[in-house]
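Report on the following structure.
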Amino acid sequence: MTALDDTRQLAYIAGQASDARVNVELETEGMTLNIGPQHPATHGTLRVIVKLDGERVVAAEPVMGYMHRGYEKLSEVRTYPQVTTLVNRIDWLGSFANEVPFILAAERLMEVEAPPRAQWIRTALFELSRIANVVLFLGDMGVQLGAVTPVFFAFRDREFVLNQIEAVTGGRFHPNFDRIGGLKDDLPKGWVDETKGVLGRIRTFCDEMEDLVTGNEIFQARTRGIGVIPADVGLSYGLSGANIRASGVDWDLRRDGGVGLVHDQLDWKVWTHPDGDSFARYWVRLQEVREACDMVEQALDGIPSGPVMAKVPRIIKVPAGEAYVETENPLGVMGYYVVSKGDLVPYRVKIRSASFNNISITPWLLEGTYVPDVISILASLYFILGDIDR
Amino acid sequence: MSETLILAVELAWWQQTGIRAVVGLLAVLLPAGTLVYLFLFKMMSFMQSRLGPMEAGPYGSLQLLAEVGKFLQKEDILPRKADRVVFKAAPFVVLISTFLLVLVIPAGPDAWFIDVDTGIFLALAVSSISVIGILMAGWASSSKYSLMGGLRAAGQLVAYELPLVLAVMGVVIQAGTLNVQDIVMAQAEGEIFGWGGIGNPFILTQFLGFAIFLIAVQAELTQPPFDMPVAESEIVTGYLTEYTGLRFLLFFIGEFATAGIFSALAATLFLGGWYVPGLDPTSDLFNVIGPAILLGKVVLVAFLIFWFRFTYPRFREDQLQQLAWKVLIPLSLANIVLTGVLKVVF
Amino acid sequence: MIPLSSADAEATGVADEALVEVQADEQRDALVAALADALGDALVESHVEPGVDVWVRVVAESWVDAGRALRDRCGMAYFDFLSAIDWMPSPYGRDMDAQVDLPVDDGAADVATPAGGYETGLAGGQTRFQLLARLHDPVGHVGITVKADLAGDAPVVGSWTPVYPGADWHEREAWEMFGITFRDHPNQVHLYLPSHFEGNPLRKDYPLLARRVKPWPGIVDVELMPGQEEDDAGDDGSEGDES
């Protein structure tokens, strides 16, 4: 594979040196291939226009907006609880996690703090949604590379997690459970024990994945050294989550941020990987799922008793001000910049979604790679269309 | 059937040809259907912890029939810019290769279609015809995905022809003949260091050849881990993208029929074909149970092929080529040398 | 004040909290000071919320210099987002306590600057459009929000792509949503919207068609909450304001 390493190295250097940018009107020889918007590989309607020279990519340009729903405009005409309904649907796999930063921003503006019980349950549900989201990724990475079997295990084990989320919130994919000042409801009876059983299944699944996929020679040949993102480039593009941790940056908002979840009272560690290739991104997420299982277990053990909702007025008028809260969502860093003018509705909500920044690196990253690698790199960056298109 | 088959009724020439044709069709379609049901529907499902088709017939056994019916009633769509003649001919070219291949495989001491002295040579030669069919499909579809699939197929299938042929060479050297029936007889009547209990199935001495043969067969069938030409998550279905309905069914059946035939070839060359140890190889009993035994061995070999198919991710094109040229061909050449040396020594 | 959920959350007592706030203050104050040092007069206003966040406002002409200074001298290696805020009160929207949507104003697009300037948010500002960017320091774990006043209705400002390549797509989105042109942007074409889309949707004078067709029904509880009685329903806010 030495020749391949050399060419990749050269491509990287050339790209960096000339700061190459892709313009769709580039005049180059070769074939233009349209990957998507209907394609088995892209997670939804993402379209990538690649200019090929044989099987090598000369230029790549993602075209998005097929799923643009205009959330920022819509949230200007909805009250804060109604915005929660909208915001659920941004990253539809990590359902509960979308609501959390928005609610926390609103709570900061109202200077209200959720009671401890609500904070602990929020943390448990937050990590459960991370498990549901990333377990799908672990199976899906295999499918993009051609291993059709692991994804079935992933879906099967994910069902149990979704059942648990549904038992609490009433919705598998769109819980709409977080409220300003706390949560909508308390936990049902017996939920804590059931969830611990489910965590056992997820841990078994992670071990299976490690056996089946991570150690597989073909998988390693397809992912090691592919799509290397150096740390400084990743930071300047705004990559976040496991993508940037796989490039060696030790940064996790659950530990280094300062928001209203109780991660600092749990015993866990941040996983990083020095390589920055597709394998590193896969491996970091695998470890994070295991870590999330431990976190949920600790969170469930430590839930204090008390109310789940603070005293907030029936009709919520958030005082004037601006707040930006970002949390470590399953896909990366998700943040909401909420501008309020003291009204029932927010004045402006800027949604900072993780996948938008994660995918903005693809024109730079995909230059010089092969077509199969385009698919595996996109798979390893792990985006959700709703997150890109909002 | 050979002329020595004794029937109570003397059949006219056209009746004999008719029977031959029917039996030939069965010989291709029966293994195909068995493999589709057993492995694609059931084994893959069980490996993925689900049940697979259960509705059509008991335990879903008639699902293939239902799928055939579904494909038959679909609309016949041709892409506007497709090359019509080539597009329509491509599936038939692939199927011709399969039907020709089945002719050389014997199912009993007297139950064979043709008995030529260069049987293996004929088999390997006609198996390359399917490559043309795939290239025709990829080119004529006038779609970029199909073209890419066709190009990948061209490189891959040509590259893996060589290990296939060279692996078979080891068997030929050991048996001393190109005649397939004689190869089976050599295994049936051979002895392992003087003990003739189970004959001499060539897998014992040609295990390297068997492994290379299986890998090359996997690549010739464009199955994962060598399914770059049909990489579903990248180029939709590669050269098959524009084929729908009956034409797709022809490709589909062709793929599984070829898998069955290649498994039969592997079983014949390495596992002893229609022979089971303990019985006299020239007895008439084998004409009756020979096909069943062969089918059993086909299922065994196909199990290995499909097991790999459902487990491994796919190789990238350049990794695939490196495997063929840098690993398999030198190994198979070494195998031939070793076989030759050992044949002379022993 | 919401306590920080850092290691200091486990510490008890107000004194420690105050200590933490002072500590964070120093970090953020030092940040503002370094930036003021680099930009001089270009840094117009700043606002530090102790222990929480920091906002600065710079002059639009030094937008790119500010980005460079933040990246090189203040350690802000991480690019979070770049967008804009339109401070014009919406001619279509529901005013704070209005019971009905305001009538459609055909001359809405030429709403003149109200006397005394627009009512803007933290770190001030007088113009209708304000650029809003957010950067983060992954080592020092502090973030900063940068704003800039943009003059006129079709403002032009320098692009941040030489400084942060990730700003590429964010600037495209700001261009198509607000109509802010970025000088030296390599590829200023539509990102989300179709190629020949007319108008800038996130501007306040761009109507949300769904609300034009059907006005906002207000906060109406159509079903009573469990345990609630008929006469409580009247307290829940406006009712029956559908036109």
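Observations
Order of writing sets the labels: A, B and C. Residues in every chain begin at 1.
To be clear about the criterion, contacts are C-beta pairs under 8 Å (C-beta built on N, C-alpha and C of every residue); 3 or more make two chains touch, one makes a residue touch a chain.
Bear in mind that the values here come from a model prediction, so they are computed numbers and not experimental data.
Among the remaining chains, B is positioned farthest from chain A, on the basis of C-alpha centroids.
The greatest number of inter-chain C-beta pairs in contact is found between A-C.
Our note on geometry: chain A versus chain C, Cα centroid distance of 23 Å, whole angstroms. Here the spacing of chain A and chain B, counted between their Cα centres, is 45 Å.
Rounded to whole angstrom, the centroid-to-centroid distance between chain B and chain C, based on C-alpha atoms, equals 65 Å. Residues of chain A in contact with two or more other chains: none. Of all residues in chain A, only 19, 21-24, 64-65, 68, 70, 72-74, 76-77, 79, 107-108, 111, 113, 232-233, 235-238, 249, 251, 256-265, 314-315, 320-324, 326, 333, 335, 337, 339, 341-345, 348, 350, 352, 356-357, 360-361, 364, 389 touch chain C in the complex they form. Interface residues of chain A, counted against chain B in their complex, comprise 1, 4, 31, 33-34, 39-41, 55, 142-149, 152-153, 156, 212-213, 216, 218-219, 221-222, 370-375. Contacts from chain B toward chain A in the complex involve residues 44, 47-50, 144-145, 148, 224-225, 227-228, 231-236, 310-319.
By the touch rule above, chain C contacts chain A in their complex via residues 1-2, 4-7, 9-10, 51-53, 55, 77-81, 83, 85-86, 90, 93-94, 96, 119, 121-122, 132, 134, 138, 141, 143, 145, 164-166, 168-169, 177, 186-187, 189-194, 201-202, 208, 211, 216, 219, 235-237.
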